[in-house]
Each structure stands twice: as structure tokens, then as C-alpha cells.
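Order of writing sets the labels: A, B, C, D and E. Residues in every chain begin at 1.
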Amino acid sequence: MGLVASIRRLGRIAEPAPPTTWAGAAPPDQASKHPEAGGGAEALPAALRGSLQLRHVDAGSCNGCEIEIGACFSPVYDAERYGARLVASPRHADGLLVTGVVTRNMTDALRDTVAATPEPRVVIAVGDCARDCGEFAGAYGVVGAVRDVVPVDAEVPGCPPPPDAIIQVLRQVTGR
Amino acid sequence: MSGGTEVYAAQAADGFSASGAAGAVLQVAAVVAGAPLVIGWMRQVRARLEGRAGAGWLQPWRDLRKLFAKQDVIPRGTTRVFTTAPLVLAATSLLIAAIVPVVTTASPLDEMGDLFAVVGLLLVGTVALTLAGLDTGTAFGGMGASREVTIAALVEPTILVAGLALSVPAGSSNLGAIVESAVADPGAVATPAAALAFIALIVVVLAETGRLPVDNPSTHLELTMVHEAMVLEYTGARLALVEWASAIRLTVLLALLANLFVPWGIADAGSGVAGLLVGLVAVAAKVCVLATLLAAGEVFLAKLRLFRVPELLAGSFLIGLLAVTASYFLPSPS
Amino acid sequence: MTATESASPALAAAMIVPLAAPLAAAALVGAAGWRRATGYASVLAAAATLVSGAVLASEVGDGALTAAGPLLRADALAAVMTIVIGAVATLATWGSIGYLGAELAHGHTTTARARTYGILVNLFLATMALAVLANNLGVVWVAIEGTTIATAFLVGHRNTPAAIEATWKYVIICSVGIALAFLGTVVLYFASVDAAAGMTDTASGLDIDTLVAVAPHLDPDVTRLAVVLLLLGYGTKAGLAPFHTWLADAHSQAPAPVSALMSGVLLAVAFTTLLRVKVVSDAALGTGYLRTGLLVLGLATLVVAALLLVGQRDYKRMLAYSSLEHMGLLAVAAAAGTELAMAALLLHVLAHGLGKAVLFLSAGQLQLAHGSTAIADARGVLARGPLLGGLFAAGLVALLGLPPFALFASEVGIARGAADAGLAWALGAALLLVLVAFAALTRHSVDLLLGPAGDGPRLALRPATAAPLVVGVAASLVLGLYAGPLGDVLTTAGGLLS
Amino acid sequence: MTSETYANLLHFAGGLLLLCTVGVVWRHQLGASVRLLAVQGAALAAIPLISGIYHEKAHLLAIAPVVLVLRAAVLPYLISRMVPPTARPPGGWTASAAPATPAAQADAGAPDGPTATRPGPAADVLAGSREPVPLISTSVTLLLSAALTVLAYALCRPIIALDPTADTRTAPAALAVIFIGLLALTTRRQAVSQVVGFLTLDNGIVALAFLLTSGVPLVVELGASLDLLLVVLVVAALTNRMRAAFGGTDIGELQELKE
Amino acid sequence: MSAAHLPALLGGLTLAACLGAAAVPRRALPGVAGAGTALVGAAGVACGVAALDRGIEPIELAGALPLAGLRLAADATSGLFLVLIGAVAVAAGIYTAGYAGRGHGSARTPLVLLPVFVAAMLAVPLAASVTTFLFFWELMALASLALVLAEQRRPAVREAGLAYAVMTHLGFVAVLVGLVVFAAAAGAEEFGGLGEAAAGLSPATRTAVFLCTVIGFGSKAGLVPLHAWLPRAHPEAPSQVSALMSAGMVNLGIYGVVRVDLDLLGPGPRWWGLALLAAGAATAVYGVLQAAVATDLKRLLAYSTSENMGLVCVALGVAALLRATAGNDEPTAAGAAAVVALTAAFVHLFGHAAFKCLGFLAAGSVLAATGRRDLDALGGLARRMPTTTTAFGIAALGACGLPLGCGFIGEWLLVQSLVHALPAGGTLVALVLPLTVGVVALTAGLGVAAMVKAFGVGFLARPRSEEAERAVEGGPAMAAGMGLAALACGVLAVAPAVLSPALGRVLPELPAVTGQGAGAVPAPDLDTVLRLPGTSGAMSPGLLAVGVAVGIVVALAATHWRARRRPAPLRDAPLWACGGAAPTARMQYTATSFAEPLQRVFDGILRPEVEFAVTPYPQSSYLVERASYRSRLRDVVESVFYRPVLRAISAAAAVVRRAHQGSIHAYLAYGALGLVVALLVAM
């Protein structure tokens, strides 16, 4: 059976967990202050330590960030081991991964999604577009960056941001 | 055998033994505490087989702990059904955990309900959740409810026929009696009837607990959901109860399956503290093995199309039917 | 059977009144024309017939009485039939007053024709009474042919082309049929005379008692011929297949009270004559012979009636075919021939007469209001006239053999009788055909009675017009719950015939 | 009278009866039918006469003239009045019949009757004096008559067997008359033809009664005769009404009342 | 007052109620009619209790019912049904006072007839002779027909009434033939004589009687294929009448089978049991399948009635089959299982009566409030009509056959009888019973689907129509009627022990099922813990309820874990619409869509008529301008069984009509031909 053979041959694919960039000692509620993590002003909620369900919102992305987010949950990066998991409904989610500039058509949808996510919650803007509109700044359909529409707790820079960077932010929230 | 066991047996006939009561409390506690671990273990096994590191078998507990601290959201237009459904689901699951012989066959609650009552209680929980799904008034809620109910309706014949196959040799449909008769007659486990019933029951467990290939518990795509679609509006503690109860149901059914066919180690009315502990360990081991097998099996399976599910269930019904007729025409040697 | 004896003067009077009273009423109408008073005189005559029937029924026991020389003879059967004639005739003549009044008011008829109507109706009643009370089978024949003559112009009363057509068919078909009965009577007489060769008085060879007495000695071959002819002949007048074809035309064209009389009484009178024949036939040929004939004719009639009811569009024809259906059922009951079946048969006759009278009289009111007898022209009756609609509905329920009306008791009795006689298969077939008829009748009645009012005329019913209908329904209801002494009379009569 | 003469005479009367009947179904001219009916009545009256003389039964001798008058004279006369061509004012059975009848029979071109607008040989038919094209062709009718005669003989076997006399041996002829009368009734379209058929049938029954039992009891005989007379009167009246209402007496046209 | 006076009291009350309803002014009419009906029902219950206690001695009225005489008597079996129907009538009567007050079925005639209907139903089990039985049987049919036609101005009602009239008469004909043949063969008319003579009848007669009566009674109980009237008539009747018919009248079909086929006709051959079993199984599955795909609330309930009567019939069939297998020499497992099956039938009758009565009353409440029965137009009633919603919820739970509901115990007992029959029943039983279990299970499962749909779609979520949006509760009388029925549901669900004394008297009266002499088996013990005679097997609905309650308390306590850490709950949050506009009520799942998967799965049986038409733009066949989809479900049995019969009758009628075209010559020819044929035959 091919699948059994593959499983045996490949064994563990996941790479060893990289060291945390906030030196591991910093309490998670200070993680947001870390320069790499970008800029949420308020503290990341302690209630989400150890477990972070995520709902992804594409507010107008070029899909580059989506590929990277997908990679985060692939066997290689395996973000699940840090307690993060993608879910289907914002009601089930603790955090929103928002990618792309916020386009006019997605503005209300983004606000609704944030409103639909129960407290405590984190909004993570993933990628340069989400942070400051990136390439698309000033385009006719663009309303603005994510923080212009909803409060953002953490940001991940990069165009697209590498999975490592995204996972770093997630680990800040889960504290693992 | 000494006269002591006879005393115990008499007590058992009266429906109450101290050991049984203790065992019942123990098994409820064990199931409540252990059910999330079983889920975690299965996810871990699956992660390992997929080459991932996995979140660890404690992850479900972390999830639950977090959910209990999260905000309750009560969507517009829903009624009390939405808010109470998780309680009903949890309550029936707990009751099942108390009735089913997990650690001991002598649960004083055994007389409260037999196999068919347990099946009914499972269905009560399912119904509560489907009503909650409908109560939200969202398209997905209705869709999930519709599918769940369809599957639940179609799985029912298999359950009862498989139950019949188990009850007939034991002469009773009370689970404690069935397991006890399996303990007393180990050879019966190896009969064709038992084997067929086992297969039928596995399908039942898969369908009842929403596992592959009937439902994909880890899907993110609403259109393919069954169970998940119904609970899309739940948050916080209620969602936690739903997930916890689902875990309990899976665990209890796995434990039941294990004890029905491999009853060794289970405590009975005569067991002391040691016996109960042995029973606990035994059942933990058995469930662990079964969970591993189940998780491993799921790696190899894809979800069936919804309209292929009836074929699976019809097949399992046939197997169950064969089990019953086999138990009549090919009785066990004893 | 207890011996036949001469009647005391009082009872002789009770036997003559049913003949004399209508004749007197006829004379009165002839002299004074049709008006309210003479109308009530006719009702009185009919009521006198009813009372006479009751007196006879209470006195006759299981024997028989003769009066007017050997001409008249009354036994329990005759008494019951006199009651039937009296009861239905009372309702019909009572209803005639309102009906003719309305016809005259609308100009549908003239005073001359109304007078003819009054005379003929009373003559009709007298001939029927004679048919029931006559001692001699030949006289019975004469009387029944007399009913045809009396009713001919009653059927054609409206004098429309359709009425003339119906009359022609009625007269010709019935005359032919009844001629066959005469032929049968002649052949039976031949056999009887032969069998009673020793008897001095050949004139009594057609007397009922004589026939019954000589019946075991009748020549079977000749008697078979006679019985077949009599069955078909009187069957014609009773509406049995294959000479049933006049019935719907005549009933639909006749004025409603006449339809009521024809359907409720005339058919039954002809049928009871067959019962007299049956007694002779059973003694001469065994019960199997006429039973087969009655079953064949009865079931055939039921088939025809049920299937013609299915697509019916005319409510008076519908009622006519319903009569046909009931006659078929009576034939099956007669075929069963047990005491119970016969008693039930007679109860059925009475109950059917009452029910049909109510229905035809109500149908007459509908016809007057709508100027048509098409169901399609008269929908939503209940909404437009609750009283008339309600009475029609009650009559229909009674007619369908539903409790608490009398036809239920009689139908169950017939069923029990048939089962007792071992005719379960025929009973089953008959009841299935009745079921088809039931379905059709219900369906048409639902169309007729129920539904929104639409734009048809209001159907008010004057108390005088409603009274006979209410009485008829009430009588049927009471009879269905409690027959009292009548039950014993019916059983006695049934015993005579079984 | 010897028994042989008696038998011969009786057979002759019966044969004449049957012959007239066959004539009735053969001829289409109504006038001829009515005349044949009268002859038939006379033949019928002969039976009680012969029988009365032979058996020396007074009541038969007494009844014979009654029969003769009624069946050979009165009834044919009444019927002949229903036949239009005898240019005669309409009878007084019903006043309403008056307008249509003379118009129809007087002038084929008269404007006031629906039947009168159609000229030609069919006028007789329309007027009701001639049988139109029959429902069954004459030859078939005659063949059927023959078959019915055979049937009558077959049916009479038990009667003859019971009492084998000259009288009962003539009975089949009477029975055949009855059947053929019924046949005429069934196949004839004119009202008058139907009445003739009916009377033929009735003659047959009466003949049978005389032959089998020397007549039915007197009260029955009188009642039956009265009934017959009344029936014919009723039918005559109806025919007049029919002519008034339909402008003709073709019974085949009476198909308004149907399912 | 002795027990013999009770039937007289019943009759007197009926008369008084009728006259009262006929006489009172319009305003007081609903109250008087409702109270009268309830009183008649109460008298029925009293009769029943007396009959259960000591039986009611025969009462004969020779003059009544011409040619037969009226004969009434009651034993415990009758008493059981009297109590059942009387209780339903009490609830329905109280309800009527409110329901008719709101203008539903409030014409005088139906309300006057309502007590008559109840009395006729009550008189059926009291009847002790063939004619009496038939009289009240048909009186009941007539009264119910009149009540079905109460709202006759609607064409659908007239259609339903017609179908009902014809079907019920068909059933009556079958019963009539069966009973008169029985009576003729037995030479007796009263039931006692029938029972004594039954053993001596020829097998052919017994078979004929069995078949006829089962067909007749089966049509009343709604057994397939004679159920066709039920889903038509019950929905169209005013709701209290639906309740009386569905919860009361259909039981009399079962009574007929029990009384005539099991009791009087005595133990029959095995195939009788099999026949009942097969009919019941087909009915149960077919009924529940139709219920699962129905979108009309009352039609759904009506099909559910058919389903439940099917289950009861299965139970009776199992009982008869096992008894025929068991023999009377010694107590056997099969005999014990037969008793359990019979108990299951009776218990289920009670459970069904309770939840179906409540269901129809609640449905009537919905109908009164919204004027709609179409589930696709309902929804959102839970907020506006909490009482009704609770009531329907209880009814639906019962109808699901789930624990905590009153339908569970009956089904549990039935399955238990099957479990315990299997080892003892012989090969035939071994082959049949597992399939029966499958059927029962499928029925239960689909029943759940149907009821979840009815409750979830009809009452929960948001209203789908303006009428549903404006719904208001119906007032105290309706609530009281429903409350009474709900109470019965509750009691039967948790404490079936209330039936124990009654069953203890009824079962020994039916030795044809429970066995005689040495083979006699005692009734099952329906105590707090249900125990079965001669077998092990126990269940306690009451303790289960307690257990679930405790579980709910525990779960509720669990939700308080970390409750202080939670942010304040967010109430009235907008529904999650995947980021789109707020979902409208039209986007909700409807009853049709809810049942679609089941409809697809059972496509071959249900045979929906689906029309799917796509209209493309003229420019390209790939551009869809308009698409229309229409799916319609008809009763397949109707098209398979009834249409051919109706077509054949129509064809025959056409032939006969062609033969009656008004030609006197043709008419005379028929006669002449008939004469010739008759003479030839006579010759």
C-alpha cells in the first residue's frame, strides 16, 4: 500500500520548532510590544494562551499571503503544534488573519467578521498590504489598511510574509 | 466460588452494589476527564502519520479551557432551544457515560436503560443539536441539521439490528448483562455472528460520532459539513459543551465497543478498589488502541459523498442482519 | 301458515279503505278541481291508507284475511305494503300541494292539468293498493298494468317534448314487460289448473292461497317457464335489468311527488308481487331456481345502476338510478330468502320509500327554483338554502344506508340474511357495487350541496312545503332507531315469505 | 265436430294468427298493418269460438264476440285513426294535436309545418303513414321471425308434454306470435307500428291463454281487456301529443333523454 | 350508581350536549359544545374505568335497532379503549371552547355533531353484538365525515370529505361482510356467542372473516394501501376533530382487530400474525416516509398517525405470530414475548393518542393564529406562541419515539419482544424478526427526521411569512386543552406504571394472545423500572428522565467554570452570514429543503414528480435566462392502487353509458334479448 510506504518513508516532516524571537522568556501579554510583531497597542489576551482558533479573512489580497498561510499549516511548518488551528466560523475563532488591502466590497464583510468573533479576540493583519496597503495604496477600490477599518492587535510584515513570521506572531498569542 | 460472590450476585440482581456505584462514579469521572484526551490522542496520531509534530494530546483540554473563558454570543432570532441544546447534549452524554459499562458492569444505573435506551439517548442529543441548528435560521444550520437527521435516521436500523445481534445471545439488551455474558463466555467473541456485529457496530460508531467517511470532523468547508454546520453559531462555553459532549460520546462508544467484544479486565459487582482500578486501566488501554486504529484508519479514508452514505449504511445493515441470523443459525458452541 | 279466514267487518273495512279512500278523493278532485282543500283530502285518503295498513298489521298476525268475497286478501306482507303505500303517499300528496301550487304560480301547468293530476294520483294509489291487496294473481296483474295507465299522464304531466318522450318509453317498455308477466301468469295458471285438476272452482287457480297449496304439485318444467316470465315481467315494473331502461327517463320527467311515489312505492309493489311468485316457485322448484334468477337480475341491475351513477349529471336521474340500485339490492335480499332477509327487505322498502320521497320532493323544490335538473346548474345548495339543503342531505344520508336512519338497519339485516343463506360472495359483490354507487352519489351530492353559494337563487322553503320533508326524515330516523311493533310485523311477513 | 276437425280448425286459426303476424312485420305500409291486425283479431276470436263449440263451454262462447269486437274492430279502428293518410279531420283525443296533422297530410308544400317543407316520397314516412327504412332489413326480420318460431316450439315442449291436446299443440303458434310481436316492437320506428306490434304481442298472449286454460278467470279477462283498451287510448293520445310536439311520430327520433 | 347506568349517563349527556349546542345563542356555542364534548368524554372515561374495574354487564334494548336489538357490554379491553378515547375527547373538548371561539369550525352543525362523534366512538367498544357494533361504527364514520366537511366551502375539504366517505365506506363494507359471515357461520349475533363458536368454524370461513375484518379495520387504522383517506381527511378537518380522529378514531381500527381477530376469532395460524406484521411494517415505513417529506404540518401528523398505527399493527402481528409459535403447554419465551408485544401495542396506543392529540391541538393553534399549515410558510412561532411551541415540542418528542417522550416505551417494549422472541421462535421467526427490527428502527429514525422538521422548521428560527410574524396565542381554553394532553404525554413518558393496573386486567382477557392454562404469561411489570416477564431486560423511563435532568444541572454547573473571566455576553448578535448581507428569512432551510436528502435517498419509493426547465437566452444556449424547478410529491400508493381501479370503473361506466343513449329500440332489444336468453336457460 503506497500510503503506508510513504508514511514510513517520510516519517516526521515537520521541522524543529524555531526559537521564539521574543527570547522565549517574555510573557505573551508583552509580545505585542516586540518590534517584529508590529503594532497592536493593547495587550494580547491571556485567555488565548495555549489555544488559538483562527478565521482567515481575505480583505482584498493578491493570494500571495494565502499561500503562505497555507504553508504555515503544512506539515513542514505545522503551526498546529503551537495550539493554532484554522476554523470555519468566526464564532469559533479567537483570532482573525486578515490579508490584503481592505477593498470597498470587503469593508463591511471585514467589520461583520470582527463583530462576529467573540471576545477576547485578536486581529492579525498579515502582509504589507494589510499593514499599509503596499502595492495597492491609492488604488480606486481600496479603502485602506486593515487598521483603518478595524482595530488590529498584531501585524506581520512582508510581501508575502514568510510562514516563519506568521507563525512567530501566532506563537506570541498562544505562548508556545 | 465462595459464598461471597453469591451475596454479591444477589446484590447485583437487586440492582445495587457498592462496587458498582463506585465504579459508575469512577467511570463518569474518567470519561469526562479522558474524553478530550482521546480526541487529542487521535489528532496526535493523525498528525504523526501525516508527518506533523501535532499539538499534543492535551490540546483539546486547552481548547476547552479557553472556550470556557470566551464571550457568549446569542444570535438574533434564536430561541431557548439554541441555548439549551448543548446542555441536553451534554446531559445525555453524561447519562450514557454512567449507564454504559465502561469500567464496571455493575453500574446501578444499568437498569435505567438498556442498549436501546442508550441509542435513544444518543439520538436525543443529536436531535437537540439539529434543532439548535435549525433554530439559528441560517442556511448552513438548516443544511447541517437536515444532513445529520438523514444520517441519524438511516443509521438507526443498523444500530438496532446490531444491538439485536448482541442482545440475543445474552438474552438481554441490558449492556451490563451483555458484557457479563461475554466475560462468562469468551468463545462467543470469536463467532461469525460477533464478528459481523462488530463490523456493523463500527460503522454505527463512525456515523454516530461524525467521523470519516461519513463526516469530516476537521473540514473547514461549510458545504461538506454535517455536524460542524449545525454548531457554526455557537461560541464559548456552549461550544465547549458541544465539543466536550461529542468527545464523551466518541469515548463511551469506543469503550463500549471494546468491552462488548474484548471485555477482559472490566470490573463487576464483586470487584474491590483494585478491580475497579484494573478495569479503569484496561478500558483506557482498550480505548487507546481503538482510538489509534480509528485515527490511523481515517488517514486512509476520504469523506463519502452524502448520497453515498446510505449505501454504506445499507451495507452495514445487511451485515447486522447477517449477524442476527448467524447468531440464530450458527449458535456459539456453549 | 295459519289458515286464511274471512275478515270481520271492521277489518274488511280496513282492506277496502285503501282502495275506496283514494277513489273517493279522486272523485272529489274530479268534481271540485285541484285546490288546497281537495289536496288535503288526498292527503287524508293516503293517511287513511296508512292507518288501514297499521290496523291490518296489528290484527293480521301470521294468518291471512279475505274480504269482498274472495277478491281481497290481506296478510302481513300486504299489511306492510299498505303501510308503505300509505306512508309514502301521505308524504307525496302532502308535498303535491306545495309543488302544484308553485307550478300553478309559475305557470308551468294549468288548472285543468292540475285536476287531471289530482285524479290520476289518487287512481294510482288505488291501483297500487289493489295490487297489494288483491287475492288473485291475475287481478294483481291487472292492477299493476293499471298503475302504468294511471301514471302515464302523470309522467307526461309537464307536456314538454322530453316528458312525452319519457311517457312513450315508459308506457311501451312497461306494457311489454308487464305483458310478459301476463304471459307468465297464464302459464302459471295452466300449471296450477293442471295440478289442481280435482278442484271444482278453476277460477281460484290464481288465488294466492291456492297457488301456495298446489305449488308442490306444479309441473316443474312449465313452472320454470312461468317463473322466468313473471320474473322478467314484474322485474320490468320493479326496475330490474334488462327492462330497467324506462325508469330514469320516467322518474326524471315526472313531477317530483309522482317520482317519489313511483320510486318509493310502485317499484316496491311490483317487487313484492315477485315475492309472492317466489313463495310458489320455491315450493315448486326449490329455492335455488328463483334465487339464481334474482341474483343475476339483481347484480346486473346493480352494475347498471352503479355505473350509470358514476357519470351522472342530472340529480333527478341520479335519484332514479339510486332507486335502481336499491331494487338490485332488494333482489339480492330476496335471493337470500331467509326470514331475516325478507323482514329486512320489507323494512328496506319502507325506509327507501320514505327517503326517496324526501329526496324527490326536495329535488322538486330545486327543480322549481332552478328550472333545470342539472347538477351543474344548482351548486352550493346548502349555502343558499340551509333548510332545503339540510333536508336533502339528511335524505341522502338516509338513502346511503348510514345510521341512524332505517336503511342502515335494513341493509345490515339484508347482509346478515344473505350471509345466513350462504350468499357471502353475492353479498360481497353487491356491496362493492353499492360502494361504487355510494361513491358516485356522494360525489354528485357534494357537488350539488356543498361549496360556496355562488350566484344561484336563494332557496327559501315555506313551512307547509318543508313539513312533509321534515316528517319524512323524522320517520326514517325514528324507524332506524326503534321499530317497535312494526319490527314484529316485519318479522312475521318475512316468515311468510321465507 | 270431431276432434280431428276441431284440431284442424284450431290449427288453422293459430296458423292464420301467425301468418298475419308475419305479414305485420313484412309490410311497411301502416294501413296494411292495421288491416292485418284486424284479421289477426278475427282469427284470435275464432279460437274461443271453436273451443267453446267443441268443449261446449258457454263462457267461451260468450267471450268470443267480445274478443271479436274489441280486437278485430275497436282496436284496429282506434289505431287506424292514428294513421294520417285516411284524409280525415283529426280525432278529438287531444285538442293540441289539431294544427300539425292536417297540414302534414294535406299538402306537402304547405309552409306551416316543419315536416311539410320536405317534398317527395318520404312525405308518407314523415307524416307517419309509412314505416321508414327499418332498423333491421326486412329479410333479416323474417329470418329472425323464423328463428323465434322455432324457439317458440322448443319452449312449448314442456307445456305439450304436460297436457298433450290439440289446444296445447297450437300453443307454439301463439307463443311465436308473441315473440314476433316483440320483434316488431323492437325494430319498428313509427309509433303506430309499435302499437301494432304491441297489440300483436297481446293477441298472442290472449290466444295462448285460450289455448292453455280456456281463458283466464273472467274478472281477470275483463280487467285485462279494459287495461288494453286504456293503454291503446293512452298511446293514441300520446301519439297525437308527439305529433304536436315533434311534428312526426318517428320513435327513432326520441333520443333526447339519454345518459 | 351501578356500572350499568354509565352507558345511559353517556347517552344522556350526549343528548344534552347536542340539544344544548343546538339551542344556545351563538356567543355561547363554542363553550357549550366544548364543555359538552368534554363531559361526554369524561363519561366515557368513567365507563372505561368501571369496565376496567369490574366490567359492564350486558344491557339489551330489544326494541332499538330494528330487526336486531341493541346490546351493550364492556369488559376490560373495552374499558381500555373507552378510557383512551374519553380522555382524548376531554382534552379536545376543552380545546374546542377556545378554538371554535376563534372562528374555526364554528358553524353550528359541526359543533352540535361533535359530542355525537365522541359518543359514537365511545359506543363502539361498548357494542356487544354485530349489528350494534356496525351501527355505532358507521355512526362514528358519518359524524366524523360531517365534521371533516365543517369547512366545506374550501374545495380541498370537499375533495377530502369525498375520499374519506368512500374509503370509510369501503372499510365498512369489508367489516360488514366479515362480521356477518362470522355471525352466520357462528349462528350468533352477540359477541359472546361469536367467541364461543369461533373455534368450530371451518378454516376457510375463519380466513375469510380474518381477511375481511382486517381490511375493514385496517382502513380505519390507516394501514397501507387503505390509508389514502387519512392524509387527506385529517388535515382538512377542524383541528380538534383531527385530534379526535387521529388520536381517537383510528384506535378503534386497532380495537376491531383486537376484538374480532385476536379475541373472538381466537388464535389463528401463523400467517395471520405474519399478515398483520407485513401490513403494519409496510404502513409504518410508508407512513413515516411520507411524513418525513411532507410539508403540510397536519398532513405530516396524519401520516405519522398512519405510521404509528402501523407500529401497533406490527406489535399485534408479532404477538399473534409468537402466540401461534408458543403453544399452550408450558410458559415459553415466545409466549412471554407475545405478551410483551401485546403490551407494547396497548402502551403505544396510549402514547400515540397522547402525543397525537397534543400535536393536532398545537397544529390547530398554529392554524388559528396564522391560517397556514404549510411548514414552508411558518417558523419563528417559538417567540410568539411559547405555549403552543412547548406543546408541539412535547408532542414531537413523543412522536420521535425517543427516551423522555411518550412514544418511547411502546417502541421499546416492541423491540424487547423481538429480542426475546428470536431464540424461541423457530426459523420463520428468526428470519422475520430481524427485518422487523430493521423496519421499526427505520421507522423510528425517519420519525425523528419528520418531527425534527416539523418542530424545527415550523416553530424555530424566524418567520417565513407575514402570517407567522403576526401570530398570537389562542387563549386559556386552548392552552388548557393542550395542557391536559401535554400532562398525559408527560405522565406516560415517565411513569407508564399508570397503565399497569389496566393492562393487568386486559391481558388475561385475551387468552388468544396471552395464552391459556399452563401457557399463560403474566403482564409485564411496568413499575418505575420496567421488567419483562420471563426474560431479563429492564428500563426505567422515569429514572432516565431524572438522569437527564441531573445531567442538565451538572452541565449547567459546568458552564459556570471560568464564567467570571468571560466578557459580558453578546445578545441579539447578527447572524453570521459569511460576510454577506444579513440573511433574510427566505434564506432559511424550508421543510422541503430539509427533507430533500431523504427524498433523494427514497426516490424509488416516493417517486417525486420533478420538473426542471432551463430557458436559455436566444443568443447562446449556455446563458440561462430563467430556470424553474418544481417538485411535487404525491401519494404513490394512490397512483399505483387507486387510479387503475378508478380508471377501470370510468371505462366500464362509459361502456354502460354508451348502451343507454335513449333509443327505445335498443332498450326493447335489451329486454327481448334478456327474455330469449332467460327462456333458453329456463328451458
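The definition used in the following text is that a residue touches a chain if its C-beta (ideal position, glycine included) is under 8 Å from a C-beta of that chain, and two chains touch if they have at least 3 such contacts.
Worth saying up front: this structure is predicted, and the values here are computed from it rather than measured.
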{"item": "Both-way neighbours, i.e. chains that touch chain E and touch chain D", "value": "C"}
{"item": "Path length in steps (a step moves to a chain that is touched) from chain B to chain D", "value": "2"}
{"item": "Reference chain C; chain at largest CA-centroid distance", "value": "A"}
{"item": "Centroid-based (C-alpha) most distant chain relative to chain E", "value": "D"}
{"item": "Most heavily contacting chain pair (counted by C-beta pairs in contact)", "value": "B-E"}
{"item": "Centroid spacing, where centroids are CA-atom means, of chain A and chain D in whole angstrom", "value": "116"}
{"item": "Where chain C and chain D are represented by their mean Cα positions, the distance between them in whole Å", "value": "31"}
{"item": "Distance between chain centroids, defined by C-alpha means - chain C, chain E (Å)", "value": "43"}
{"item": "Centre distance in Å when chain B and chain C are each reduced to the mean of their C-alpha atoms", "value": "77"}
{"item": "Sequence positions of chain E contacting 2 or more other chains", "value": "565, 567, 570, 573-574, 576-577, 656-657, 660, 662, 664, 668, 675, 679, 683"}
{"item": "Numbers and ranges of chain B residues touching at least 2 other chains", "value": "65, 69-73, 222, 232-233, 236"}
{"item": "Set of chain D residues in contact with two or more other chains", "value": "155, 157-158, 182, 185, 251, 254, 256-257, 259"}
{"item": "Contact pairs between chains, per stated definition", "value": "A-B, A-E, B-E, C-D, C-E, D-E"}
{"item": "Residue ranges of chain E touching chain B (in the complex, touch as defined)", "value": "292, 379-380, 382-383, 389, 400-404, 408, 412, 415-416, 418-420, 422-423, 427, 430-431, 434-435, 437-442, 444-446, 448-449, 452-453, 455-457, 460-462, 529, 535-540, 543-544, 547-552, 554-556, 558-559, 561-563, 565-578, 583, 585, 587-589, 593-598, 600-601"}
{"item": "Residue ranges of chain E touching chain C (in the complex, touch as defined)", "value": "63-68, 109, 130-131, 134-136, 138-139, 141-142, 149, 152-153, 155, 158, 161-162, 165-166, 169-170, 173, 176-177, 180-181, 183-185, 189, 208, 649-650, 652-657, 660, 662, 664, 667-668, 670-671, 673-675, 678-679, 681-683"}
{"item": "Complex interface listing, chain B residues touching chain A", "value": "47-56, 59, 62-63, 65-66, 69-73, 219-222, 225, 228, 232-236, 239, 299-300"}
{"item": "Residue ranges of chain E in contact with chain D within the complex", "value": "656-657, 660-665, 668-669, 672, 675-676, 679-680, 683"}
{"item": "Complex contact set, residues of chain B against chain E", "value": "15, 65, 68-81, 84, 86-88, 90-95, 98-99, 109, 111-114, 116-117, 120-121, 123-124, 127, 130-131, 133-139, 141-143, 145-147, 149-150, 152-161, 164, 167-168, 171-174, 177, 222, 232-233, 236-238, 241, 306-307, 310, 317, 321, 324-325, 328-329"}
